[in-house]
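Presented sequentially are two complexes of chain A, the first with chain B as partner and the second with chain C.
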Partner chain A sequence: MWTEFALMLLVLANLRLLGGSRLLACISTAAFQGVVLGLLPLTVASWPLDPRIVLLSLLSLLIKGWGLPVLLRKALRETSVNREIQPIVSLNLSLLFGLAVLALSGWLGSRLPLPTSASALGAPVAFFTLFTGLFLVVARRQALTQVLGYLVLENGIFLFGVLFAHSTPWIVEVGVLLDLLVGVFVMGITLFHINRAFDAIDSDRLAQLHDLAVQRPSPTEPTE
Partner chain B sequence: MILALLLSPLIVAALVFVLPWPRLRRAMLPLSASIHFLLTLSCHLRSPAAALQGMLALDELGLLFLSTTSTIYLIVSVYTVGFLAREPAGKRRDALSRGVFSNAPETIFIACLSLFLSAMTLVTVSQNFGILWVGIESTTLATAPLIYFHRHNRSLEATWKYLLICSVGIAIALLGTLFLSVAGQLSAHPELGMDLSALLSAAQSMDSAWLRGAFLLMLVGYGTKMGLAPVHSWLPDAHSEAPSAVSALLSGALLNCAFLGILRMQQVLEAAGMGSFGRELLLVFGLLSMLFGALFLIGQSDFKRLLAYSSVEHMGILAVGVGVGDAGVSGALFHMVVHSLAKSLLFLVAGNTLAAYGTRALAEVRGVFAHRPGTGALWLVGLFAIVGSPPFGPFISELVVLRAALSSGQWLVAILFLGALSLAFIGMSGAVLRMVQGSGPAPRLTTPEPWSSLAPPMLLAGLVLLLGVWLPAPLTTLLHDAARALGGGAF
Partner chain C sequence: MQALALVHLAVALLAAPLLLSVINKTKAFFGGRQGPPWLQPYRELTKLLHKGVARSRSTSWVFVAGPIVSVAATALALCLVPLGVVPALVAFPGDFVLLAYLLGLARFFTVSAALDTGSAFEGMGASREVQLSALAEPGLLLAFVVLAVATQALSLTGLFARLGTDGGPALVLVFVALLVIFLSENSRIPVDDPNTHLELTMIHEVMILDHSGPDLALIHYAAALKMWLLGTLLIGVPLSPWVSDGFASLLLGVLAMFALAVLVGVIESSTARLRLTRLPQWLLAAFVLTAVALFVVMG
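Here is the complex of A and B:
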C-alpha cells in the first residue's frame, strides 16, 4: 500500500518537473523525489528490516534528498542567473509529452515479463521517471536544468533497481551512489566555471565547437 | 596483486598533494606508470589471485586490455613530464580566440591522471557487472578535469558536453546492467548475483527478452563512451580541446575500456546462445561508425579533430571485427592493440605540431618536414600505420577482419568495410601529406625539438611497426584465448 502511495508521489513530482516554471521549485521537487526514493526500500523490504537495507536507505536519503539539492541550490544562488526555466519545448507541450510518455510507460510495463514484483505500478513509474529525466536534459536550455534532468534520470534507474534488482551486492550499490554524488559534484564545479566564463549558465552559449568552421574570437571571452 | 595494481596509482595521487617540489611531482607520473607496468608484466608470468570474493580477477580478455592500457600510459606519462615542464605558468593569450586563460593547477592534473589509470585498471580487472559500471563511470569523472586543463571557453564547452553526454550514456548502461540482473532472476538460479562467471554458467536459462534489452542498453550506453556513431558527438570536441597527451590517453586507453564493457555483455550473449543477435547489432553500429568517421575525415579543417574522427572510424572497425565473428574477433582485439599505439603516436605528434605552430588549422600548417624533421617523419609513420598500409600492425588486423568477413560469405559487410577504409585513406592521407610536405611559413617555435617530445612517439612507432612484422608467441596466445572467450577463433 505504502509502495503504491510512494509511486504516485513520484509520478506527481515528475509532472511538476515537466510543467514547473521556476528553477528553485524544480530543485525542491527533485529533492522531494529523492526523499521518497530514499524511503522506498523500507516499504518494499520485509520485516524485520535488514540493517544493510536501512543503511542504503539512509545513504540515498542523505545524498539524493539533501546533498545534491543543497549543491544545486548553492550553484543557483552563486550564479545569480535567470531563475525562470528556459524551455526549448514549451511547458504546456512538455506536460502533454509527459502524459503521452506516462501512457507509453504503462503499456511498456504491462508488456514486460517481470519477476515477482512488489507492485504492478513499479515498472511504468520507473520508465516514466527515466523518460522525464531524459526529456529535461534535451528540452531545457540552462546547464543547471540539464544536471537536474540527469538527476531525475538516475532516480528512475534507482527506482527500477530498488524494485527489481535484488541481486546486487551492497558494495556495488554504495559504489553506484557515490559515483552519482561525485558525478553531480563534478558537474556542479563545471557549472561554476561556466558561470564565471560566460556570465550565465546557459548551455546555448556553449556552441562554439563544431566541424567545418573557422574558430572565431568569441564576444564573451574575458579580455583583461 | 590486483589490489596493488589498483592502489599504486591512488597512492601517487595522494602523494602529489604533499610533495613540495614540482619536478618531483612530475617525476611521480612515469614512476607510478613504471610500477604499474611491471606489476602488469608480472601478471603475465603468474596469474594473480582473485580479490573481493571473486569480483576482481584477471582473465585473458582483461589482461589484454590491461597490458595495452599500461603500455600506452607509461609511454604517454614520459611525454607528459616534458609537456608540463614546457607549459608556461600564469595567464597567457589563447592563440585561437585571443582570450586570456591560465592552466588548471598541476597537482590536480597529475592526481587526476593517476585516478584515471586506477579507474581504467578497475574496468579491466572487474568480473562483476556492477563494478564494471562503477569503473567506467569513474573514468568519466577522472578525465573531465583533464580535458579542462587549459582553462578557456572552448575546453570548458568540451568538458561540459563530455560530462553530460557520457554521464547520460553511462546511466543508460546502468539500466542495462539492471536489466541483466532481472534476466538473471528469471533464470533457473534466481540468486545469481552479477558476477560474470555465475552469469555465464546460467546464461542458457535466462529470459531472452531481458537479455536482449540489456545488451541493447549497454551497447548504446557504453557505445556513447566508446564513440560509436551516432552517439559519438562528445568525442571530436573533447579530443580536440584536451591537451594532446590526454587526447592520446582518451583514444588509446579510455575508448578501449568502454569497448570492454560491451564485450563483457557479448560474452553473456554468447553463453546464452544468442551471440548472433549481439554480433548483428555490433555490425550495424560498427559500419555506421566507420562510414561516419571516414566521411568527416574528408574536408576536415582541424588536425586534432581529424584524428578524433579517425578514432570514431577505428572504433567502428573494432565493432565490425567482433560482429563478423570467428577470426574477426581476434582480428578486432589485435586491432585494438595496434590502433591504441598508432593513435597515441599521432596525438603526441599533433601535440608537438600544435606547440610549434600555435594552431590546429590544417590550412595554416605546411612543410612540417622541412622545419621540424623529427615531427614530420613521425607524422608520416603515424599516417601509414593508421591507414593500414604494410608493414604496420593495423594492416594485419584489418586484413584479418576482412578475410573473416569474406570467408563467412558476408559480402556486403566486406564491401562496406573496404569502402569506408578507402574513404578514410583518402581523407587522412590528403590532409596529413599536405601538412608534412612542401614548404611553408616557419613555425613560431624555432628551438630544436626536445627528446621528451620525440622519444615517446618514436617508441610507439617502433612498437606498431614491430607488431606488423613480428607477433610474439605469448601475445598470439593471449589474443586467441581472449577471442575464444567471445566465441571467436584464431587468425
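Here is the complex of A and C:
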C-alpha cells in the first residue's frame, strides 16, 4: 500500500517536471522525488529493519533530498540564468509525451522477465523515471535543466535497484550515490566557470573599461 | 431504492440554485461582506420568468431552442447520475457515455444559439467554450473508464455502488481530476469568472448576452442543474466507499454537495483566474491525472 502510494508520487513528480515552467519549482520537485525515493527502501523492507537499509535510506535522503537541490539552487542563484524553463518541445507536448512514455513503460514492465518485486508498478515507474530524465536532458535548452534531467535519470536507476536487487551489495548503491554527488558537483562548478568565462569574453564589456571592474553579470546574456 | 432515487432527483431539481447562494455567501464571508440573501437565485429566476422575451429579428429557431434543449438535456442527464450508493433513476451498461453526450448536446445548443445571434463577442465566447470543453471531455470520460476498470461495472449506479476503499491512490487522482473538470465545466474561477462583465474575458457569460426573460432563466437554471450533476459525480468518489446505506448516503451526499459549494467559494476567494493561454495546460493536467490513475488501476 505505502509502496504503491510512493510510486504514484514519483510518477506525479515526473509529470510535474515535464510540465513545470519554472526552474526553481522543477528543482524542488526533483528534491521531493529524492525524498520519496529515500523513504522507499523503508516501505519495501520487512520488519525488523536491516541497519544497512536504514543507512542507505538516510544517505539517499541526505544526498538526493538535501545536498543536490541545495547545489542546484546555488548554481541557479549564482549563474543568473533565466529562471523560466526554455523548452525545445513545448510543455503541453512534453506532458503528452510523458503519457505516451508512461504507457510504453507499462508495456515494457509487463514484457520483461523480471524477478518478483515489492510492487507490480515498480518496473514501469522505474522505466518512466528513466525516460523522463532522458527527455529532460534532450528537450530543454539550459545546462541546469540538463543536470536536473541527469539527476532524474539516476533516480530511475536507483529505484530499479531498490525494488529489484533484494541483496545488491549496498556498497554499489552508495557508490552510485557518491558518483552522482561528484557529478553534480563538477557540473555545478563547470556551469559557474562557463558563466564567469562568458562574462570575461563578452565584447560589450570589453568596450567599456573601468577602474572598478566589479560588475554583476547581466541577466540577459546567454550562459551556456 | 427507486424511491430514494426519486427523492434525490426532486432535491436536485429544487436545491440546485441554492448551491450558487452557498458559493456567493462563502465569497461574501471572505470579502467581509454580508452577501445576497439565501433565496436570491430563486428570486432572480422568478423575476426573469415574469419578464417578456426580446429576440433579435436576425435570429432563427436555433436561438429559441438553445435554452430549452440545454435545460431538458441537463435534467435528463440528472436522471442518470447516482449519489453515492443511491441509485440513479435509470441505469444501464454504458450509461456514462450517454451522460457525457447529453452534456455535449446541451453545450452544442447553447453554443449554436450564441452563434445564431451573429454577434462577434458571442462567437468568441462560443469558440472558447468549445475549446475548453473539448479538452475537459476526454478527462471526464477517462475518469469513468478508471472507475469502471476499478469496479468491473459498466453502469454509473453499479460503478459507484461497488467502489471500495482499496482503490486508494487512484481514487484520490480521479477526485482531483474531476474537481478540475467540475470547475472548468461550471465556468468557475480559475477557468472563468462568473462575475466578470468585460466581454473580452468572459467565456460562459458572454454566450448568453442576447438571451432575456424566461430564456435567460432557463439558462441559469440549466447551469445550476449542471453544477449539481457534476457535483454528484465528484462527491460520489469519496462518499460511496465509506457509506453503504442508501438513506445515509442521500443525507450525507446532499450535505457534501453544499460542502463542495463552500469549497468552490474558498477556491474562488483565494485564487486568481488563470491566463487564457494557460487553460489548455490546466485541463491537460486533469487528463494526465486520470491517465495516471488508469495506469495505477491497471498496473
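Brief remarks on what is shown
By definition in this document, the second predicted complex is superposed on the first by the 197 of 224 C-alpha atoms of A that agree within 3 Å, B and C clash if a C-alpha of one lies under 4 Å from a C-alpha of the other, contacts with A are read in each partner's own complex, and residues count from 1 in each chain.
The working rule: a contact is a pair of C-beta atoms (placed from the backbone, for glycine too) under 8 Å apart; a residue touches a chain by one contact, two chains touch by 3 or more.
All values reported here derive from a predicted model rather than from experimental measurement.
Within the superposed three-chain arrangement, the count of touched residues of chain A is higher for B, of the candidates chain B and chain C. Once the two complexes are overlaid on the shared chain, A:5 sits against chain C while remaining clear of chain B. Once chain A of one complex is fitted onto chain A of the other, the partner contacts of A:92 are limited to chain C, with no touch recorded for chain B.
In the superposition on chain A, contact is made by A:115 with chain B only, not with chain C.
The residues of chain A shared by its contacts with chain B and with chain C come to none at all. Across the interface of their complex, chain B is touched by residues 112-115, 130, 134, 137, 143, 146, 150, 153-154, 157, 160-161, 164-169, 171-173, 175-176, 179, 182-183, 186-187, 190, 193-194, 197-198, 203, 206-209, 211-218, 220-224 of chain A. Residues 168-169, 173, 280-281, 284-285, 288, 291-292, 295-296, 298-299 of chain C are the ones touching chain A in the complex. Residue ranges on chain A touching chain C, taken from their complex, read 1, 4-5, 8, 11-12, 15, 19, 91-92, 95-96, 98-99, 102-103, 106, 120-121, 124. Contact residues of chain B toward chain A in the complex are 52, 55, 94, 96-100, 128, 130-131, 133-134, 137-138, 140-141, 144-145, 148, 151-154, 156-161, 163-164, 167-168, 171, 174-175, 178, 181-182, 184-186, 190-194, 207, 209-210, 236-237, 240-241, 296, 299-301, 305, 361.
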